[in-house]
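Next, two complexes with chain A in common: one pairs it with chain B, the other with chain C.
So, the complex of A and B:
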């Protein structure tokens, strides 16, 4: 039988020599590296705006990760944004510009024209198309929007006058049911004219029909085929006063987005995933360190002092082991909307005594009787000194193993709470992402990336700590050793 | 000689009794405190009472305003009548007592299993908590108790195999798998399994206990229920076998090193006999304890697992009760679980102390 391992450093060295230990340390190291990189990739202000819908309005909703294309023969549509000077929001990267032109018809009137031209070479249709316009008018001009396709078809999809004078913001969600009626009827009239089978007005989908090859099935999402090539859209303002101005922003939403896709509120899941790592790690490690240290100290204290102190600690441990923490947390979370810090405090409170107390107590009872402790006692070392300098260090390797092994439990406790929807109201934790996904039918509608990635994140993190704990366990309990 | 022996037996019996009394006292205190904590939290420290009182005030005001004879009274009398009516209603509902007294009364009611009425019927057509819980309990037992039995049997069997082939590739692989399933809770496995088997392969439904609409005739209904049970059952069994196989393996390996096993080997007994007669016999008490505890524990179900599989058992009932702040239901469920748990722990303590003389000697 190999010699017992003494001391934390030796235990770490030995643990690193096992495969489990190597993997465990490697995985935890990767997570720590991630924790350092995350604030650079996605600063905290991104997270504080996680709940604001405006920040994410340029993304498609419920989009799959874009790299999934690599495994598929078809290429799904990406998001395309074209804008001209729109005041709201800073100009973003990857944004094209409208070409702007003005021409005077008479002294009193001018024509403003905004033209966007882009390539659409995907195999799938866009998710939706949206046009936001901002118009200052003094009189009542006429705005017309013309859609030009690769097959040289021209469709006037909108023609109207702004309702009010002065600054006038209008968002045309060109593909939803709430859009102005005349877009739907204009698209339908044109499509039927070029040979499409007629459909009821509420079934017209401009983002399909406008991008589809001409033919009977062009208004039927299941039969329509994408027409690839150059598209352009022209916004023309007739009868504009010389002082009138026009700004616009056109978005053709893709069906795939980024590394991890988006959720139902268009939020970039990759950012949520990234932030899940530090949050889970911080919560799990903080809870584990505090509770295990408290349990170790109290366990050693009980063993060292014995008598009534020991009795109280033992009974307290029995009590807290039996108390169900998750139901109580759920109850508190429902009634008080607690933040993650409060969750941590409550978890620590209910785990101030526990299984570790009993383990360390047993070890400390043995160490207490060893001769060097006797010696220390005989030359008059104080009790606290004996406890903290001579007994506690001997329990350190076990403490480390128990610490690593208790991290997964705490991470999953927080994840359970967040999954139910009672976690931190602001932070996007992995559990909260999974809960959002589950409540919005991700499991049934096949939005697997939404729920599988955060789940994999948690599994990765907890297995890292489990491997660490297992490696330590093997080093410290020679019976389980491989040699 | 004889008297010494007898006094030794009496002393050990006394130690046993003292040990059991101590345990019973701890468990009883745990039960009372846990119930008391939940009663206070579920009532939001008296906030619920204030809400009910303001509801009563609004109700009384509406009733009185609809009464012509009340409206003819002078304003002073009106105020007096209103106050008296409200006070009477408050007394009727027992809200006039201070919150602390009420809390103690509720804790007492809960501990004597005087469960009372829920604030919702939870689909049973009855407000009686006894009826509601008895409808949910069999479903939870069906899923979690069955899964516990399956995982324990499979896990212990695997653990024995792993111990016999200790340090082989099979043992290492299974140890790793065991630790993985030990760490990851069943609801996380549930999510992956639903994605693969329900959504990907379309083998089983994604959740629930029966199809909607449910089949009318008996064989079809039973088959439909079994079809819905398959995935949750497989998931919960899979996610908990690791604990059994890992502990069994380590326990058996530990016992294999003991002197009496070496002695049996020296006698030339076949390995199979040694495993069955010597090792298993020594390893079974902790395993049996674990199984009994897990079986009782399985009655409480698992809140998040039932949520993931949409399985309408006790865990989901607890969640529904919490979400509608239904204090009586929350308290009833908690106290029933607490009783089950405490009684099991105590029975195990008794059995253990009878089996293992060291516990008596240590007195704890």
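So, the complex of A and C:
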């Protein structure tokens, strides 16, 4: 029989020698690395605005991960942003600029012109197109938007005057018919003029028609073909006062986005996933450490002091073990909107005694009869000293295995609560992402990435800790040790 | 005055069948620098006597009384805390049976050796380390042992460490409970020589608990033979080994096998009595070949110069001689 493994360091070394231990430590190490990297990649202010729609307005909604292109013969459209000084939204890299020019027609009027040109070389159409403008006017000038395609077609998709004077913000969702502008009819009129089969006005999709090859099917999403090449957009303000100003931001939304796609509110799921790791780790590890430590100390205490102390601790353990924690948490969650810290506190409270108390008690009962404990008593060591110096260290390796094995349980618990919508109201945890996905019919709509990645995160983390636990178990349980 | 005077010490354990009379009226004296061997079969109450002296009692104590005077103080009257501080600290150390297991496997030897000291004083780590080195040197162990874990040591080394641990507080009395029972003969001899040297150097008194008569004869100045919770014979080792008076002591001594000679080792027929219901009168009576009607009363321990609890010593001496011849 191999010699028993004593001490934490020896246990870790032995555990690293097993395959499970190696993988477990590797996976936990990866997660820990994430914890360090995540606040740099996605600072907390990103996460605190998880619920704000403004922040994510530049992303396409329900977009698949962009690396899916690697498995497909066609290349889906990416998001393209062209802007001129618009104050809204974060300034990002890879944002193109309009060229801005002014020319004076008379001393009283000027013409402002914003012009942009970009390549569209994807095989799929954009998800939608949007133009946001900010115009300071003193009089009522005329604003015209002209769309130029690779086949040299020019379409004036918009021509109107601002309805109010002063600073004037307009968001034209060029793809939507809810806007009061006649973009749809302008696009339809042009398309029919170049040979498209007419469709009812509510079926016109400018982001298809404007990007489609000329032909009868150019207004039918199922028949239209993408026209690749240089597109340009010109925004012209006629008869502007000398003090007038114009800013604009044009967005052509892609159908794929980022590493993990987006949800129905355009949020970047990758950021949610990244933040899920530290949240899950922190919750799982904190809950496991506190509860296991409390259980170990109380279990050893009961075994050592015996008598009434032991009785109270053991009966308390039985009581807490049969108490159903999840339903109680759900009840609390229904009554109060609790943050993750409160969830943690409540979970710890209900697990202050538990299975570990019983396991450690049996070990401590054994250790307490060892003659070095008697020796310690004979030279007058106090009871606490004996408990913490002589009995507790013997239970430490087991404690570590129990600790690693109890982390997944707590991660699952937190995920379950978040999934049913009773988790932290602010943080995007893995469970919360999956809950959102479930409530918004992600699988029904084929948005598998919304479910799969958070699920993988949970599975990865729990497997990591389970492997660690098994490795420790293998090392510390002589019957399971491999020769 | 003797350094340790034990008078009429009783220690009974409570069990479901009734009280176990493990120590039943034991008395002995221990002078400074002297060694007393407590000898007897397994279960005769040797270890219980030691526990009773240093008050290391289990939970199920039924009766615990008598008088124990240490250095002129009646330590039986001490509170538990005072006992812990005064007696276990400076007075009496104990080396437990099975010293192999008297070391925690998770702590370094050097740390453990000084534990008895650090428990009672705020000793700095460096100071404790020096003490540990010093203590190990006293039991002839090299310095580097201090940084080892117990499982890296041999049985004899562990025994030395445990002895060092008992000595580190400079006690006046060391109780050695079968200190060599699991060791080979050579290692036993080493340990015994070490114990002799330490006794000489530090002026220690030993209470040496053993079932090994050869070792007892080697180390002890006085020997007390215990049977069924009582001392049946006590006296200078010369007297006991050369000319024991109690039939049980005689048989115990002739139970030792001899390398040369034709005499086969003798066993005593029957089994030690049940300590819950010991036989009335002399407890050895059911197994004693010399038992007679007087034995139904309990014999006194003192007979003139000799101390043996047997009626044969008085009026029956002639009888004993007659039968022995």
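Here is the rule we use: the second predicted complex is superposed on the first by the 479 of 483 C-alpha atoms of A that agree within 3 Å, B and C clash if a C-alpha of one lies under 4 Å from a C-alpha of the other, contacts with A are read in each partner's own complex, and residues count from 1 in each chain.
Just so it is clear, a residue touches a chain if its C-beta (ideal position, glycine included) is under 8 Å from a C-beta of that chain, and two chains touch if they have at least 3 such contacts.
Bear in mind that the values here come from a model prediction, so they are computed numbers and not experimental data.
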* **If touched residues of chain A are counted for chain B and for chain C, the larger one** => B
* If you stack the two complexes on chain A, which partner ends up touching A:222: first (chain B), second (chain C), both, or neither? -> neither
* **First (chain B), second (chain C), both or neither touched by A:306** => second
* Asked: Now for A:322: first (chain B), second (chain C), both, or neither, which partner does it touch?
  -> first
* Touching A:331 in the superposition: chain B (first), chain C (second), both, neither? -> first
* To do: Would you check which partner chain A:412 touches, where first means chain B only, second means chain C only, and both and neither mean what they say?
  => first
* To do: Examine A:371 and indicate which partner it touches, taking first as chain B and second as chain C; both and neither are also allowed.
  => second
* Could you say whether A:389 touches chain B, chain C, both of them, or neither, answering first, second, both or neither? => second
* Could you say whether A:381 touches chain B, chain C, both of them, or neither, answering first, second, both or neither? => second
* Over in the complex, which chain B residues touch chain A? Could you list them? => 26-27, 29-30, 33-34, 37-38, 41-42, 44, 167, 176, 179-180, 182-185, 187-188, 191-192, 194-195, 198-199, 206, 250, 253-254, 257, 300, 303-304, 307-308, 318-319, 322-323, 325, 330, 334, 337-338, 341-342, 345, 364
* Spell out the residues on chain C that touch chain A in their complex, using ranges where they run on. => 54, 56, 59, 84-85, 88-89, 93-94, 96-99, 101-107, 112, 115-116, 119-120, 149, 151, 162, 165, 169
* chain A residues touching chain C - in the complex, by the definition given at the top -> 3-4, 6-7, 306, 370-372, 374-382, 385, 389-390, 393-394, 396
* chain A to chain B touching residues, read off their complex -> 20, 314-315, 318-319, 322-324, 326-328, 330-332, 334-335, 408, 412, 415-416, 419-420, 434, 438, 443-444, 446, 448, 451-452, 455, 458-459, 462-463, 466-467, 470, 479-480, 482
